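Next come two complexes built around subunit A: one with subunit B, the other with subunit C.
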Partner chain A sequence: MAALSPQTLPAATKATPAPGRPHRIRVWRGAILLVAAVYFLVPLIASFAFTVKTPGKGVTLDAYGQIFSAEGFGRALLLSLGLGVATIAVVLLLTLPAMLAVRLSVPRLRPILEVVCTLPLVVPPITFVAGISKVLQWGPDYLASTPFYQTIISIQNPDFPVVLVLTYVVLALPFVYRALDAGLSAIDARTLVEAARNLGASWPHLLLRVIVPNLRAALANASFLTLALVLGEFTIARLLSFQTFPVWIYTISGSQAQVSVAVSVFSLLITWLLLLALSSAGARQRSGK
Partner chain B sequence: MNGARVEFRGLRRRFGNTVALDGLDLTAEPGELLALLGPSGCGKTTALRCLAGFEHPDEGEILVDGSDITRVPANRRDAGMVFQSYSLFPNLNVKDNVAFGLRVRKAPTARRHARAQELLELVGLPSIGERYPHQLSGGQQQRVALARALALEPRVLLLDEPLSALDAKVRVNLREEIRRLQLSLGITTIFVTHDQEEALSVADRVAVLRAGRLEQVADPATLYDRPATPFVAEFVGTMNHLPGRVSGDKVTVLGQELPVEGPVPDSADVNVLIRPEAVLLTPDEDGDGKVLVSSFRGSTARLRVQLPDGSEALADVPGHHSVRLAPGTAVRVALVERPVLVSVASSGEHGR
Partner chain C sequence: MANAPLSKNRSKSWLAAVPLLAFVALVFGVPLVVILGGTFTRGGAVSTANVTESVQGAYLTALLGSVKLSALVAVVGAVLGTFLAQAVVTSRFRALREAVLTASGVLSNFGGVPLAFAWIATLGNSGVITTSLGFDARGWSLYNFWGLALVYLYFSIPLMVLVVVPALDGLRPQWREAAQNNGASAWQFWRYVGIPVLTPTLLGGVVLLFGGSFAAYATAQAMVGSAVPLVTLQIANALSGNVLIGHENVALALSLDMIVVAGLVMAVYLPLQRRSARWLR
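For the complex of A and B:
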C-alpha cells in the first residue's frame, strides 16, 4: 500500500487543473471502494449472521462460547501457533544471514538466490505433500535401528511435527525473501556493516545491534506473512494427518457447522489484529526514521 | 605526535579483468595528512579499503608502525573511517552513534556518554546528542561520523571522499575543520579524493594515482610547480597545451625557446604544458594575440586568448589588470622563462 501512494499522488495532482475532474475521481473512488467492500464484507456478514442466528432461539453468541469448550480447540490452536513461531525462527535465521552475505560479498549471485527462494510459489502444495509423504514412508526395515530411522519417526511426532516446520519454511521462503529484500534495499547495508566493523563490532554484534534494528519493519512483515501462512495452511497438514488449527476447523465442521464458522470468523479477527499490530509497528519505524 | 607510520608495499588487487592496484608503494609519515588523488578507477579507494580491511590485496602488504596488518580482520584494525555516503546508524541517536565503538568494547555507560559529549564538542556540535541522524543536515552527519571515527582514538584516520556529497560552502568549511582537528590531534590521516583543489588545500603531501600505480607523491606546492609527469601536470591545476617543436633539450613555443623538463619525446612536434599564470599578456595594438573572454575572480582574472596561430590559451592575470585587458583587446603574448613539460602532440586540444 505504501509503495502505491507515491504513484497515485502525482496522478491526482495532474488531474486537478481540469475543472470537474476531482469530483468525478471522487465518485469513481467511492464506487470502486463500494464494490470492493461488498466483495469482502458480504461473505463475512453472512458468516457472522449464520453463527449468531439459530432458528427458534433468535440471536445468541452461544456458538462463540462453544469454541473454547470444543474438543481439541486449545490443542490445535496452540500447535499452529507453535509451528508458526518455530517456522518464523528457522526461516529468518536461514534467510537473513544468507541474503546479507550474498549482498555484501557475491552480489552477482543475487538473481540465483531470488529464483531459488521464489521457486516454492510455482510448486503446488499437493505435489509437495506427495513427495514428502513418499520420503517419510520410505524406510526399509534394516534401517530400523539406525539414527536415520529414529529421526524420521521423531520429526513426525504428532505433538509437535517438525516435518511441518521444515515444509512451512520452504513455503514461506518467497514471502520472506520479498519482505527482507525490500528492507535491505531501503538501508545502505554495506556501509552500515562496514561502519560497524570499522568500530570494532563482531559479526554477531553488528547483526543484532545494527542490521536487525534497522530492518524491524521488514522482519515484522516477513514474520507476519509466515504466521498467516502457517495459521491458514490446510492441504499439507491434512494429508500428513496432523491436527493443526485449519484441519481441526475442517474436522469440527462435520459435526458442529455453526461452531466451525464461528471459529473461522474468530481466526480472521486474530489475523486482523496481528496485521494491525504489524502496520503500527512499521508506521512507528517510519516516523522514527 | 601519536600518529602511526602507514606503509603500502607492492599492493596489487584485481577485480575480474580490471586492475585496481598495480603494485602500489606508498608511505604515510606519522602525523601527516596524506591525500590520495586521482580520477575514478585509479585505485585510491581500493587502497584505502585495503587499509581498513574491507578489501584484501592479492599481493603485497600493509604495515602500520612496522607491523603487518594485511591479514588482520577489519574489526581489529584500530583505524577510524569516515565514509562517502552517510553511514550513521539510523536507529541510534547521535550520542549512541558516537559511543558505538565504546559500547562494543563494553565501556561503562557514564564513560561512554562523557566521551561522546567530548567528541561532539570537538567537532562543534555540542548540543545535538539526543537527535537522530535523519534530523541532521549532511554536513552535521559527516561531523558526527568524524566524531564517531575518532572516539576510539584510532592510530589512523581514513577519509573516503567524506565531503563529496555536501554543498560547496559546507565542503570548504568542513575540510578546513578536518585539517584543524587533524593537526591538533596529530593523527596520521589518509584522505581519498578526486577533487584536486581539496587535496592541495588540506594535505601535507598528495599522492597522485593512475591506473593502480603511484604517479607522484609530493607536497602541494611541488606537485603544482614541478609535476613529475604530464599526467600529474594535467590532473593538478589547469594546463594549456601549446604546439611546440623540440630541438635537443629545448623546445620552441610561441617563438620563445624554453628548456624541457623531464623526458624528451622522440617526435619533434609536441604539446608544451603551460600554466595559465605563466602566460604573460601585454596590451599592444600591434600584438598578434587577442583577448576573447575575461572572467573576473577578484584577486585574479582568467582570460581566454587567441594566439597568433589561431589556437586558444588560458591566462591568469592580476585582477586589476583585467580592465586594460577587456575582450577584444589586442595583446602581445609571452611565456615565463622556466623549464616546461612536454607531451607527444595529439591534434586539436588546447587549453582546459
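For the complex of A and C:
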C-alpha cells in the first residue's frame, strides 16, 4: 500500500559497480530481470490474448466493444465514479481543516490524529463490513419506531448508497492523511496563515485562496489514491449487496468470461493512466519550484 | 470574528478537528464496538461460545490456512522482491529503474477481482497458457493453495520492491568502499554491513506483505470460491447467512480473531519502520 505514496522515487545516484566486478554478477542480474519480466508480463499478454481470440472467429476486438453494451456496465461505472467523487469531497473536507488546525495550534493532538487516521489499516475490510452490516441490522431490529430507522434505510438506497461513501472515507483516511501530511510539511503553513490573517483574509478565504493552491499536488495525490481505492473496492460493496463496478465485473464473469477479462485489462490500463498522471504531476511540482 | 487575534482563535481551533474525530468514532468506532460486543454475546446472554467456536474445526482450519498462505507469500515475496530490487538498483540503466518502479507502483495496487481474472485467463482451466502448453492434460490446477500463492505474489513482489529500493539506495557506496579497503569480501560486506542495516526494512516488508495477503478477499473469492479454506471467505460465508441459526455472531468472533492477528502484525511493523528510517537519512 505504500505503493502509491509520492516519495517512492528517490533520485539518489547509484554507485557504479566497482571496476573488475565479477562477470557472474551481471549474469545473475540479467537472469533475475528475465524471470521477473516473464512472471509479470505473461499474465498481461495472456489476458489480452484471451480477450481477442475467439475459437472459430480468429482475432477480434469484439470483447472490448461488448464492454460498453453489456447489461449494467454504464450504471455500475457511474455509481462507482459517483461514490468516488463523493468520498473525495467528504474525506478532504474532514481531514484538511482538522490537520491544518492541529498543525498550527494544537500540536498536542497530532499523535492522536495520526493514530486515528492510521487505525483503519489494522482492520481488514472484511471485518469492518462485518461490523457495519451488524449495525445496519439495528434498523429493522431495534430502531423501527424511531427517526433513526428512516436514516438507516435511506443511507442504503441502492441508487446511491451513502453507507458506502461513509465506509470508503474511513478506508481512505490513512492514504489521505499521509498525502496531506507530506504536503503540509513541505509548505510553511504558519507563515502563510499569519500573513493572510494580518492582511485581513477571512478563514474561508484563507483556506480556499491560500492553503488549497499551495497544496495542489498533495490534494491531487490524495484524490487519485481515493478514487483508485473506490473504483477497485469489492469486499464491502459485495457483502452489502450493492452493484458497484468491481461487483458488476464479478457478476458478469459467470456468463461472459471474455468480457469480464476485457474489463479487467481495461481497469488495469485506467490505473496505469491514473498513476502516470500522478507521477508526472509530482515531477512537475518538483521541477516547477 | 474575522479580525480576532490569532491567539484567541488558537484556543478554539481544535474545534476544526472535531468533525473528523466524531466521524471516525461513529463510522469506524461503532462497528468495532459492535464486533466486540457481538463476539461475546450469544442469544442475548454474555458468553464466550462464539470465540471458542471460531477457533475450532473448519474455522480454525480457515484461520490457519490464511496465516500459512500469508506467511508463505510474505517470505517468498520479500526474498524475491529484494533480489529484484537489488538487480534494478545496481543496474546502469536509469530507464530500467524508472520503468520497474513505475510498474511496481501499478502492480502493487493490482488486486481484487481483475487480478483473479487476469490469472484465470492465463493459467485457469481454459487459460491461454494452460491450453497452448498442454498443462491441462498434466493435471494442472490454479484453483488451490499454491495457485493462490502464485497470484498473491503478483502484487506482493512489486510492493516489496517499493519498500526495499529506498533502503538499498541508502546503503552508501562509502560503506562498501570502507569494507573493501579493510579487506572484506563481498560476502563479508553483506554479512556484517548490508544485511544488518537492511534487516528492519526487510522485516517491515515481510510484515506489510503478510498484512496485505491476510486481508485479501476479492481475489480469493473470484478465483477459488471456497475451495481453499481462508478466514476472509469464512467470514463472508457466515455474513451471507451460511451458519446455524443462533450462531450468526461467529462471523464477528472470526473478525475479532483477524483484527487481533492484524493488530499484532502492525505492532511489529511500526517500530521496525521507525528503526529502519534511522539509517536512511
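Heads up, the rule we're going with is that the second predicted complex is superposed on the first by the 244 of 289 C-alpha atoms of A that agree within 3 Å, B and C clash if a C-alpha of one lies under 4 Å from a C-alpha of the other, contacts with A are read in each partner's own complex, and residues count from 1 in each chain.
Note that in this section a contact is a pair of C-beta atoms (placed from the backbone, for glycine too) under 8 Å apart; a residue touches a chain by one contact, two chains touch by 3 or more.
Not measured: the values here are computed from a predicted model.
In the superposition on chain A, A:Ser47 makes contact with subunit C only, not with subunit B.
Of the two partner chains placed by the overlay, only subunit B lies in contact with A:Leu192; subunit C stays clear of it. In the superposition on chain A, A:Ser202 makes contact with both subunit B and subunit C.
Looking at the shared chain after the overlay, A:Val169 reaches subunit C, while subunit B stays out of its contact range.
Counted by residues of subunit A touched, the larger count belongs to C, out of subunit B and subunit C. Look at A:Val261: by the touch rule set out above, it reaches subunit C but stays clear of subunit B. Once the two complexes are overlaid on the shared chain, A:Pro111 sits clear of subunit B and of subunit C alike. Touch criterion met: A:Thr127 reaches subunit C, while subunit B stays clear of it. Using the contact criterion defined above for the overlaid structures, shared-chain residue A:Val210 touches subunit B, although it does not reach subunit C. On subunit A, the surface touched by subunit B in one complex and the surface touched by subunit C in the other have residues 194, 197, 200, 202 in common. By the touch criterion stated above, subunit B contacts subunit A in their complex at residues 52-54, 73-77, 79-81, 83, 85-91, 100-101, 104-105, 132, 134, 145, 148-149, 151-152. Residues of subunit C touching subunit A in their complex: 2-3, 6, 9-10, 13-17, 19-21, 23-24, 27-28, 30-32, 34-35, 38, 83-84, 87-92, 96, 98, 101-115, 117-123, 127-129, 154, 157-159, 162-163, 165-166, 169, 173, 176, 180, 208, 211-212, 214-215, 217-218, 221-222, 232, 235-236, 239-240, 251-252, 254-256, 258-259, 262-263, 266.
Contact residues of subunit A toward subunit B in the complex are 187-188, 191-192, 194-202, 205, 210, 213-214, 288-289. Subunit A meets subunit C in the complex at residues 1-4, 7-10, 12, 14-18, 25, 28-29, 32-33, 36, 39-40, 42-44, 46-47, 49-51, 53, 94-95, 97-98, 100-102, 104-106, 109, 113, 116-117, 119-135, 166-167, 169-170, 173, 194, 197, 200, 202-203, 228, 232-235, 238-239, 246, 249-250, 253, 257, 260-261, 263-265, 267-268, 271-272, 275-276, 279.
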